[in-house]
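Have a look at these structures, which come just after this line.
The same chain A turns up in both complexes below, where it pairs with chain B and then with chain C.
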Partner chain A sequence: MDIMLGTVAVDWKLVAAAVALMAGGGLLLGLIIGVVARCFRVVGDSRVDLVTELLPGANCGGCGKAGCRDFAKSVVSGENPPGKCPVSTREQVSAIALALGVEVGEIVPKKAVVRCSGNLFTSDRVAYYKGINKCSSAMLVGGGPKLCRYGCLGMGDCARKCPFGAIEIINNLAVIHEELCIGCGRCAAVCPRGVIAIVPAAAHVHVFCNSPEKGAQKRQVCRSACLGCGKCVRKDPEKFELTAGLAKVKYDAAELPDMETIEAVGCPTGALATTERHRLAAKKEAAVK
Partner chain B sequence: MKYLELTIGAALVNNFVLSRFLGICPFLGVSKRLDTAMGMSGAVIFVMTLASAATAAVYNYLLKFTFRGVAYDLGFLQILLFILIIAALVQVIEIVLQKLSPKLYQALGIYLPLITTNCAVLGAATLNFKGGRGVLDATLFGCFSGVGFALALLLFASIREKLELASPPKAMEGTPIALVTAGILAMAFSGFAGLC
Partner chain C sequence: MNKSSRDVMTFKGGIHPADSGKVLSENRPTLTAPLLERYQVLLCENVGKPPKPVVNVGDQVGKYQLIAAADGFVSANLHAPTSGKVVKIGEVPGPMGIPAPAIEIEADGEDRAAELFPPLNWETADPKELVKRIADCGLVGMGGASFPSHVKLSPPPDKKVDTLILNGAECEPFLTADHRLMLERPRDVITGARIMARILNVANINIGIEINKRDAVESLETLAEGTNVKIIPLKVRYPQGSEKHLIQAIAGREVPSGGLPADAGCVVQNVATAAACTDAVMKGLPLVERIVTVTGEIVCRPGNWKLRIGTPLLEALRLAGGVTEEPGKILFGGPMMGFAQRSLGVPIAKNTSGILLLTREEALRHRATSCIRCGRCVQGCPMHLSSCLLATAIENGRWDLAQQNHVMDCIECGSCAYVCPAHRPLVQLMRSAKMELRKRKK
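Right, the complex of A and B next:
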């Protein structure tokens, strides 16, 4: 039953069979999907759909979840705050917070702080490390070249990870440029020693030390460590606390310490400083040498 | 011997990723971390097995038939029909899983719809068609092809995790060094060639 179409012979029966198979198959499968979807319908939380719509939909995975919908679920369940999305602008985040009835005011801008001030000149090392210039690699070789087991290794894993170029390595110490940091926390996640903390952006004064060891032990390996002398706590118990030989700023206190507090306390090692002073101190050591 | 070829042959000798070069997209895309690679591997084995079974049933019983004394051979429709069937199948499985086994649905998660029209899945179906395999053989082949894919993906993901610690020259960082590694891995797999 061939019909000539120009010079091509067309088997119309075969064409009809092909069309019938595809159309019939498509219809049947569509019907099956429809019926199954109706029978096995899961009534989900409508808020998840709402939040998914408000998210950028880039499915970048920057939040640590598999796609935007997964993140929306975690936001609705309260596992993650809406601000965890690194792509959303502040306006989008507030829109999500508003839609969920979470107060917009709860989104506190954050900032990273490197809780170590032991640079090339103030802290001692146990050996020369000449391997791959990455903190994660150095950690594998006997826990890194530094004598202090808690301090910054200064090979810049965090600086390479920072999408905003807010971290600079000065004299083997990571320092933060506050004006560039948005507190996304990628540096904190990549630091093998957990030196970097994410703190409220309103705080400008921090204790630049992370070692929970005894003051005398720390003194032997680092000249800029917090000795746990408690001077700051005695001066201002509202703003500082002392745990296991290490002073800490109470970030959730009503009033945060400022420059005047630093002057009043007079920290013997200079571990209590502003981020700016921390950066300048690392530079100054270079000038001295 | 036939079953040896269907199982070991599919998983190692003619590994989908490393010797047929099918399914490269998820191989490079989700091999940065071992846990995501595991989720993807599970989804691929699952879908490949079911898709092979479904498409084998279709080409064995639907594509060649005689109607009112006229023999029809609709083999040329294979790719079109296979895509349709696999897509619908995955869709149905996803809906059913969500209701019956939320745990498994969570584990396979986003990977299930992602590999719907993956070339490895479609490749398994067309290879079965070419080989004229029956439903059982085709299912076995699909399953072990999936296992081979999973093996390659998991190997590659664990290598890539270690690769993060190395510092290659600037120009080779990231994807380039990963591709070179994949090439070497493929060469290593060619050592299985004489197996069966």
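Right, the complex of A and C next:
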């Protein structure tokens, strides 16, 4: 056959047949799809879409559901009150409640606390760890490089997981930026040492230590650990309790400790602090070195 | 067939570590360590449930006396390494980095033996009695995993076991403890093999030895003549001593994914376990000592020592004359699969085959770079896994992909990380995935 186009004989009948076949086939299939879409249509609840719109869309899982849409479904079905979303502000929650005509539900704002103050300079290390820079991986190598078996490993598994960027690693210690944290609990779930606790957001003073060991043992490995001296408990038994060498803030007490309490107690190691102080302490050490 | 030209068996995959370092200690006869003042016998040394202490602080114990009894079927007895007083039952630095419970015994210097079990005639004794003796004497797999031996020797009745394999491969570089044992106690190894074969009621006994231990192969071969014990020379290749690969090389069978050697009709035991089995049955001696290789370029007198269980790492190093320079890393086991230690107080256990000291240069870890997809890890993997693809999946948290690609079959031999030109921490990635998947299964 001649390659030049001009001399190729075109069978117009064949072209017309092909076009007709394709068009007809397309039309037929489109018709089938259209009919099926009509007959088997799943009627969605428009309220779910509405609530999903009103939710922040962070998909943090702080409500205990798989994501915002899943939470919206549970709100519409009445399983959860809209107030259970930890990210939404009071106004946003009220808007959802208004749209659905339900109760707002109790809102207890939460936040995360890293119960460890052993940073690069105050806590001791036992080994040079040069493996994968993840806490969960470091735990596989002899339980991690830190001498304290309960403290923060500071490789940022929690910071990588936080959907709000509320965790910063300063000198091998995770610190929380309170204003960003909404207490969804993803960091607490991922921490291999279980250092992170979820507490009521109203509390500003915490004990930044998690080790149940004896005070003398802790002192050998960390200079900012709670020694379990009981100074805080003696000063204010309403607000603190002592369990197994570790002071704890009574978060369910009527009155929570504040800055004044810290001043009055005078914790010998500084384990009793506010989140802000905790963050600044980690930074201050860096400035000294 | 000519001995030098005969075929040596092996498996597919694996690596050839360049300098095996065995020359440091393989020609030094085993020495017996002097009695120490204190021994710390770890309770959690065997796979399975840790045994329960049956002595109290302040009790006088004799050598070989039972100090902790097996708690359940998959658990092993512990015996006192010397006579003396129990001074502490508490935590000591453990071989896995975390403190582990142990019984501390202060030696009285007399080394007086408690009452031993009566010797048995293995050729006439009831196999059940033999298994009971092995359980009584606290035998565990001495190759590394320390799985209680009596459990391995009682396979479930639905699994038909027809082959017993003794593991004398010792494929880890630097270690020579099994090599010395085979040279010094060949008769006990063969007797131990025959005792185990009698228990399992199998006629097919194989002892697999890598051909870099030619003297051991020859001495065992002379003794095995006229018996049903076969000595199988194996190619020098890591990880030849892995249970699954030994079965592949010797019996030509493959252990199914997630299965046990019994699924392939085999039982594998270490040669040191076989020798300990002979002691237990014929002399009634519980397992309280083992041969440990103390080696490394920087060790003054590398060699093999018969150490009692519970000897602290520091004392073992003293026997070897100390070090010439500060070590970069101290490992329990060989360089491929050994565990780095963080304290000199860690006591040796029944499964500690070696103490290896690496120099700072040897312990140096290169910076990991991106995968260049050269596929060397895939070639080297004895389990035929695609290590590089698995690593990428794990790094991205795709546990489902890792599971689909059989990360659970990884034996953590370290071949992939050894050959990786990008120095990627492949074994650690596999381990973290295995840990994560096990956690999710619960």
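As a working rule, the second predicted complex is superposed on the first by the 183 of 289 C-alpha atoms of A that agree within 3 Å, B and C clash if a C-alpha of one lies under 4 Å from a C-alpha of the other, contacts with A are read in each partner's own complex, and residues count from 1 in each chain.
Simple rule for what comes next: a residue touches a chain if its C-beta (ideal position, glycine included) is under 8 Å from a C-beta of that chain, and two chains touch if they have at least 3 such contacts.
Being a predicted model, the structure only gives us computed values, none of them experimental.
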Contacts of A:Val42 with chain B and chain C, given as first, second, both or neither: first
Per-residue touch tally on chain A - higher for chain B or for chain C: B
Touching partner for A:Arg149 - first (chain B), second (chain C), both, neither: second
First, second, both or neither for A:Met22, with chain B first and chain C second: first
A:Ala216 touches, of chain B and chain C: first, second, both or neither? neither
Which superposed partner A:Ser137 touches (first chain B, second chain C, both, neither): both
Touching partner for A:Ala127 - first (chain B), second (chain C), both, neither: second
Chain B versus chain C as contact partner of A:Ile33, first or second or both or neither: first
First (chain B), second (chain C), both or neither touched by A:Leu180: neither
Contact residues common to both interfaces of chain A (with chain B and with chain C): 132, 134, 136-137, 140
Chain A residues within the chain B interface of the complex: 13-14, 17-18, 21-22, 25-26, 29-30, 32-33, 36-37, 40-42, 59, 66-67, 70, 132-134, 136-137, 140
Contacting residues of chain A [partner chain C, same complex]: 126-127, 130-132, 134, 136-137, 140-144, 149
Residues of chain B that touch chain A when the two form their complex: 36, 62, 67, 70, 72, 74, 76-77, 80-81, 84-85, 88, 91-92, 95-96, 98-100, 109-110, 164-167
Residues of chain C touching chain A in the complex: 96-99, 339-343, 365, 425, 428-429, 431-432, 435-436
